[in-house]
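First chain A sits with chain B, and in the next complex the same chain sits with chain C.
And then the complex of A and B:
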């Protein structure tokens, strides 16, 4: 949409990298006519910490405390991907109970993230209370993580071979009580966010993702599922204990921010249901397989792609071993690689400037997984 | 959009009347969970300074530092971890791999200070408020097994197979087994502190891990010229301090050494140019005795360019270690292979040449220095009625007389008096000759000086142990011998020594046997020394006292091995030889 000559001039604005409305450190360079964006270019590179290169310099075991730092709200997906990849390469069998505990950890992490993003979606249009409530509910999940793993944010719990510790005594009971209290408060959040005239006005029909783009751009996760797609690695390629759980892939067909928000809200319910199922069916047994001497552990040569469904969609690690004590190459592939660049640039054209962060949160763009 | 959507958000105000979820810190504390990964703690007495935490730390946040100027000792580097909280990421890998389990974390996560330098401290040494914290992350080796693992099992003959003959009990590791076992080593090097000759243990284990067995053999010879012998019968003080032994099993250091040596037909070929002299040393040295100490000294003197002559009373070298230890523990097959190395290194051997006082005087004149390592040739006598009866034999002489080859008639039942390795060797040898064997020892089984391994294997072979038995006398009977003894009780030594056996009562017990072996110790014989030397030497309990350079105090005379006070095992003798070689080389070349 090129402005007509002489009528207005195009304004040029950098949004981010340091801006509370931007998810993480990335910037969007925008040109707009009035308050309508005519062109958007995304810039990443502000958050590059060289994770992939660092991993090549560390022993196989030393990487699990490192990888979780790629994603603050949902660190466990990195630990899980890395562990799955190393286990495949090294031919390690994970005990059954460890698989269930891992699934539980992944669902708890998804629940925490979705609570934060659900509240945060309201926050982007000025509803601070919603954002705070989301953070509060997530903190209840973090309390569980603290008890289980010894850390609130970076759990460093899933290791190649299993998990680091068994569930503490009475953990299941306390988890159920936390899940109950979260479920009890969710209707309050619904009234505040989903049944809100302002929110509906700002999100219905805004930030449209054309279902045709799903295949064209390779969209995954809630972004794809908000546009009618049924993509979900948990169902398509079940890992850990997901094959034993009873659930249906959730999707919405509205293609807009509202649909994606509703989709996330339903994901929260799904996570709670899955967590209850996991706790009921978790088998007894060991939680870890014995690894060789950690400082001299050599993983047989080979390459492997390990993937799982994160709260943002398919998340994968490509790991190459040359048979040494350290990985030869680790490649981290997060869904934001597409969502926060190609898709965002396309969606922003024609959007209102006030909706930029609204759109970004609805895509849960996460710069750390673009620049590892 | 529904009409209610305009009003429903205002229901958020109902929250205003409810209790806040926020914790009003600092009015209300929020302690970390039971498993919280907070600031480090270290049980400083339990810590051995192996440095495993330092090696595993991915952020290089841990430095091993010297505390209170303590010097390293056997099995403890006296270094302790210092944690830099500017680098620590609280992953607790250090806790999970801690070989002794001394390191842990408290559940304290906040700490304010005006001095940033105090954020780098030695847990357990620098006191902190959380030192007594009961909660926090603790190691659980049951789950992970990162702090200690089991060793690769060694193939051994079953007790039933063993007693059929003199076949070697231990079968040795295969290449694959050795590599797996070697890869368990964490390379802390604490073993080196315990090895009398300070062998390059982590280095040669690393060489075995990478499959470079030749390199391992070369490393052995750097300070031990009898690696195959040590690989089979060493008392392995290294393994007793192995960091992996605290929560798992010590690395099989001895078996790895054995594996590396057995891997080659010829050790001198492996050493190759390593056998050429490394220095152009001058001087001539006479070595008395071709046992481990004499061989060790002669090898290193020859390598340093000295002209070395070894005088041995027997027809072969190797000493009592080679010739009295039975075939099933130390087969003769490795003997020639090891001796070839000494000959290739240029050591001159004179076998069948016992040294007399006159000969000793000549040696002192002819050579620049004399190293006396004659060992302990005499078996101690038991001063007891009947100890001189026929059928009462000295175990040491029996073992030296090739019992596996010669036909010794011991009768049906054999009694061995003693609890050392010689007693075990005699008992097990007699068992292999088809006898029923009883071992009589004054103290308890746990007090026996023999290796635990020897005692256990002897028990497996069906040897009857009679601990806490005090010999009274031996009587002759029509069928053989009657061993009369008292039962003993252990009494604490008021001076703090080990408990002493005391007669329980005057009640006598007896055993009817055919042969009795005395294995109550060996004694030196200093008859070879001329009077003028013997009178100036310092001796204790008949053993020659030496300084840290094996110097006797008499000009140009050095001594080592069993004839000097020490542990009395092969590796200690080897270490004596290494030290003597260095001292003699320095002395001879300074004068020359």
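And then the complex of A and C:
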């Protein structure tokens, strides 16, 4: 970097991998002129657990408890994406009720994640209360998951051909009650975060994502929709029961962190509305299809790319089978792959050091999606 | 949009092979000499303006790497996948960094995990996930995970087992808390 006239010194700083402001274990190497970033380079590799290599050595069914570990806050998208790919390759038909239950699980997971990120966005600029409230509301959702699947964080509920078991007796009633209590508390969070003068000062006009970058870099999800894009796989290529649900794609046009936060807040409302619709319209019937002997299960040869909309954007699995008992190749394409590398390196140039974690949370960068 | 793609493919390459086709989804395999032409034309003529993924499959039994580019259209969200086979030894693939800046990172990963070179990618030799990796790239099929693990971490130490009855016996001087075996229980 060539220093400006009168400035002769730049500061070189590593941000992360152990830092409360970094979303997960990744680091950003930055060069500063004063407190303004002149160059940023993303470093990943602190979390590499070799998921994709492991999957090539395990039976098709053994990968189900594995894939969910790729994403901690929202593990169900991995189960669903892998199941969709395997079902396409093996020609398995999923019963109608199982599709609705899966949609419910995906929306519950999205709700939980968005509650955490919505609160966490306030947390990055010192509003600890907002972060705690977000985590608390998410915990109500985790209670539902615990009842439904037995696990709070990793659920291993979606399996090829359906889901593991039907809804427990009275689950719908308890879910509605939880949704009501979350909806009741949301206005308080709005007052705390979105209507807060400090939050507006720190987020409006900060962390700008140029709408032209959406196509150029392949941005997806709330990051793209916060910049005026209308991309949403739930609408563009409906999977499971989304084709039967009534909703509009939400987008904002502010391009900044505030827009993305408002996007997430509106996504919370949308998830609650979709969950209510799902409960009202869920058909009766079986929840899974009989599968072949799982230890001998050979999936016919083929290749497929399965995708869905996660809370961070389009999530895809490229799965290749050579007709054996194990996958030949599984490639996970998470939205953070581009958001945390190409986009972050570009966005941070010109930003202030105090805004780095604010920007990273607004992108919900998730390192395990990059490393797998 | 897929029909437009089929027209484009017929005009651009003669010997393409359809791997999977459904509404809004087309996966084809083309000769490697024509793959860049197909990608450029798909972007300019057919509106496939987003690069979603570059992936590789090690087909070691045929001594090739199968590379797959996944493109998407923002207009109708349709998917277009193009695959091409490259020889495993000295595999060199043209970079797409000038068309999509995000390709730099996909290519860096493939360079590291499969040893595929992307001449023209300015950051292809930068470490991505692995620091100072030596030897066979880990995602290749001939990479022996067990051998690597034994060489790097050594034999796993056997778990030490302490029988609580022994502790009691040492303390009291006699085996006064017999635990019935499973056979006795039944």
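Please note the rule applied: the second predicted complex is superposed on the first by the 367 of 372 C-alpha atoms of A that agree within 3 Å, B and C clash if a C-alpha of one lies under 4 Å from a C-alpha of the other, contacts with A are read in each partner's own complex, and residues count from 1 in each chain.
Here is the rule we use: a contact is a pair of C-beta atoms (placed from the backbone, for glycine too) under 8 Å apart; a residue touches a chain by one contact, two chains touch by 3 or more.
Quick caveat, the model's predicted, so the values are computed rather than measured.
The partner that reaches more residues of chain A, of the two candidates chain B and chain C, is B. Once the two complexes are overlaid on the shared chain, A:180 sits clear of chain B and of chain C alike. In the superposition on chain A, contact is made by A:188 with chain B only, not with chain C.
Of the two partner chains, chain C is the only one touched by A:215; chain B is not. In the superposed pair of complexes, A:36 makes contact with neither chain B nor chain C. Of the two partner chains placed around the shared chain by superposition, chain C is the only one that A:229 touches, whereas chain B remains out of contact. Annotation: chain A has no residue touching chain B in one complex and chain C in the other.
Looking at the complex, you find that chain B touches chain A at residues 1-2, 4-6, 8-9, 11-12, 14-15, 21, 32-37, 55-56, 58, 89-93, 96-97, 105, 137, 140, 143-146, 149, 183-187, 209. Of all residues in chain A, only 44-45, 48, 50, 52-53, 57, 214-218, 229, 231, 233, 236-237, 302-305, 307, 314, 316, 318, 320, 328-329, 331, 333, 337-338, 341-342, 370-371 touch chain C in the complex they form.
Against chain B, in their complex, chain A makes its touches with residues 58-59, 61-66, 127, 129, 136, 139, 146-151, 154, 156, 164-166, 168, 188, 191-192, 195-201, 204, 286-288, 290-296.
Residues 19-20, 24-25, 27, 49-53, 55, 57-58, 68, 70, 72, 74, 76-77, 79, 81, 83, 100-102, 104-106, 127-131, 138-139, 145 of chain C touch chain A in their complex.
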